[in-house]
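Think of it as A, B and C in the order they're written, each chain with its own count starting at 1.
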Amino acid sequence: MIFLRRQLPLLITMITGLLFAGQYYVPHPASEQLLTSVTKWLQIIGGFALVLGVTSLFHQHAVKIRRKEAGWGYSLVLYAGMLGTIAVGFWANGKESVDGAMTAFGWVYSFMMVPLQGTMFAILAFFIASAAYRSFRARSREAAVLLIAAIIVMMGRVPLGEYLIPLSGDVSQWILNVLNASVRRAILIGVSLGAIALSFKIIFGVERSYLGGGKE
Amino acid sequence: MTFAERMLKIDRRIIFLVIGLCTLLPLLYPVGLPIKISPEVRSVYDYMEALPERSVFLLSIDFDPASKPELHPQAIALLRHAFRKNLRVVSMTLWVSGTGMADQLLTQVAKEMGKENGKDYVFLGWSPGGTAVIINMGQDLYTAFPSDYGGRPTKGIPVLEGVHSLKDVNYAISLGAGNPGVEAWYVFGKDKYRFELGGGCTGVIAPGLYPLLRSGQINGLIGGLRGAAEYESLIGQKARAVAGMDAQSATHVAIIVLVIICNVFYFNLRRVPRQQGHGTS
Amino acid sequence: MDATVFGAWVATGLTLFIFSFLYRDNPLFKLAEHLYVGISVGYTIVKSYDTVIVHLIVKPIVEQGEIALLIPVTIGLLMLTRYVPRAAWMSRYAFAFIVGVGSGLAIPRTISSFILKQVEDTVRPLLSLAGSDGVSFSVNLLNPASNLNAIIILIGVSSVLFYFFFSIEHSGPGKAVARTGILFLMIAFGAAFGYTVMARMSLLIGRLTDLIEFSDASYGRPTLWLSIVTIGALILLARRSQQEPPEAR
């Protein structure tokens, strides 16, 4: 039983991992066909993964409603929104517009989802301003360098800044294309090395936390 | 409490009000300052200009409504340019919540430029799997998307004639707000299938794409609303992005002033105990 | 009533409810927030069903007889057993497959794109220093491809990579390199902050542009009326919360 529960999954990970790492270097038509089929499978499995993410949300709010915890009315609103959207969506066959005319599903998307999502992220503008005022202080030399670079880039990337101080545009371009590019390149190389090390650890069974599900 | 201390602890709603006014007033009373074009946006424009008619242009609309203000104007400007150049536009999205928005914007610009669905453009829609979709498209487009967004089988659509996979795409641009986005299109797409790739992105992830720009892995980068405004100026059709630049200028200046003021008060506070110390000794 | 006009009123109302959070957390905001989560999830479910079940599974299997697609369907169903405590161990096979394939696909591609190509581009510009007609050195700072900038990039990349190397102590000459790395890092973070501010402001500009568009008389001026309603509701809620403490005593 241990084999079925622990060893076999790890074996599957190792075989598939090595197989597809090697596939990259094999141009034979059979290997290309394997890649095409398996990536097609991943598309379908990806769809099931979305359902997985949603299920935990259902459960969390269902518990809240059942136990009548504080704020359970809002959980009802959440469910109403979800079920309403699903009902309208299936009624319209999942289409937002039919022959140029907007369906009810399209209406919910354009006039409810888009404004709601857009505004949730738009209010961040206010918080970044208040956070900058409260905590963006030149407490040390490094912080001062960060501050000055930020101010130069903020000036240089707007028409007013380039109009008042033309040099700020050129300097911010130099900062972005040379200094920033070199740092981001180093970070990219470092993070990629780390990701590859992690991938190898997963393939060879050293890292097992992704398995989850049940004991062991 | 000294004046400096009181100013540092000011109610944050006053700052909210300042930002709100700095955004609202320039939108209501625009000034229209000139916009300098950056080399990275110009590269995208020049490459599109040089594409022959009926070249295959792939636009991947990889963002959701949260990033609409920055990337929607970019998409519109690029589509207007592509349709003006009579390119074959193949569009898709890797982000599920952006599907409706992508379909709507493509239909809107196509109608404006008099282009026909199936003959001049096609919207493949959304597919789950993220990077797996990119690889699958690189192997065989018709396996990745057996039907387009309207349910029509993709095999046999006139605009896709001669296009079997990403290798047959002349220019691809990914408008990305995160992952999967421009980087994924390079790593899982251009690396093996060798099509020319450009990028459009939000201001948050733009600095992180400069290494790819410098190495030529992407041939151009349209960053944020400013990039969209530059592209609109280049194609000669100024729209939302250019209109938003004045408000952008005002808010940036407001933040710079706020940061400078807060540092002035901070240094003032730090100096005071030292002065008091000197006084008593 | 025209669907677009009604939509404009709903969109404006929901936008203002969320903006009301800037004054203080209140029931209007909580209502809009929970509605947002519910609608997003509902949209994802509808789209997943339509795309995956109908177009990727049912149609190919039923109309084109691609029976092999039953394999990924089985793997997907195995993944869902994660929520059944007794059978949760079966989901391990699904995750093993997905993670194995994902890691395998990513390794060679990441090495090629983000390591080899990036290192190549750091070193290659230096080769242009010694051309067929002797050594040349371009110093134009504004041209990112100039030789001076290529050297700056090399210094930046190596010093930052060295800074993140924690296995050896940053002492002596190592300290100087690490300090250079920190300097480069601070400038890059400053640029990142500047761009983040730009991005966030753009999002706000976009929403306000929509609000201004919906304040037009053709929609019945929803922005104006709903602003009055929202502010009125906030005042009422503030008054009610002020009256409650005496009752609690």
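The definition used in the following text is that a residue touches a chain if its C-beta (ideal position, glycine included) is under 8 Å from a C-beta of that chain, and two chains touch if they have at least 3 such contacts.
Computed from a prediction, not measured in an experiment: that's the story for all the values here.
Geometrically, the chain at the heart of the complex, using CA-atom means, is C. Chain centres computed from CA atoms place A at the largest separation from subunit B.
For chain pairs A-C and B-C, the one joined by more C-beta pairs in contact is A-C.
Between subunit A and subunit B, the centres computed from C-alpha atoms are 16 Å apart.
The geometric centre of subunit A is 5 Å away from that of subunit C, both derived from CA atoms.
For this pair, subunit B with subunit C, the centres built from the Cα atoms lie 12 Å apart.
Within subunit A, residues 24, 39-40, 42-45, 47, 49-50, 109-110, 113-114, 117-118, 120-122, 125-126, 132, 147, 150-151, 154, 157-158, 173, 176-177, 180-181, 184-185, 188 each touch two or more of the remaining chains.
Among all residues of subunit C, those that touch two or more other chains are 22, 40, 43-44, 47-48, 51-52, 56, 105-106, 109-110, 114, 118, 144, 153, 188, 191-192, 195-198, 200-201, 203-204, 206-207.
Taken residue by residue, subunit B touches two or more other chains at 16, 19, 23, 66-69, 96-97, 99-100, 127-128, 132, 135, 192, 207-208, 211, 214, 226, 248, 251-252, 255, whereas all remaining positions touch fewer. Across the complex, subunit C meets subunit A through its residues 3, 7-8, 10-12, 14-15, 18-19, 21-22, 30-54, 56-57, 68-69, 71-73, 75-77, 79-83, 85, 88-111, 114-115, 118-119, 122, 141-142, 144, 149, 152-158, 160-161, 164, 182-198, 200-201, 203-204, 206-207, 210.
Only residues 24, 32, 35-36, 39-40, 42-47, 49-50, 96-97, 100, 106, 109-110, 113-114, 117-118, 120-122, 125-126, 129-130, 132-134, 136-138, 147, 150-151, 154-155, 157-163, 169, 173, 176-177, 180-181, 184-185, 188 of subunit A touch subunit B when the two sit together in their complex. Residues 13, 16, 19, 23-24, 27-28, 66-70, 72, 96-97, 99-100, 125-128, 131-132, 135, 146-147, 151, 186-188, 191-192, 202-204, 206-208, 211, 214-217, 223-226, 240, 243-244, 247-248, 251-252, 255 of subunit B are the ones that touch subunit C when the two sit in their complex. Note for the complex: subunit A touches subunit C at residues 4-5, 8-10, 12-25, 37-45, 47-52, 54-55, 57, 71, 74-75, 77-86, 89-90, 93-94, 102, 105, 107-126, 128, 132, 142-143, 145-154, 157-158, 170, 172-190, 192-193, 195-196, 199-200, 202-203, 210-214.
Looking at the complex, you find that subunit B touches subunit A at residues 8, 10, 12, 15-16, 18-20, 23, 33-36, 38-39, 64-69, 96-97, 99-101, 103-104, 107, 127-130, 132-133, 135-136, 139-140, 143-144, 192, 207-208, 210-211, 213-214, 226, 245-246, 248-256, 258-263, 266.
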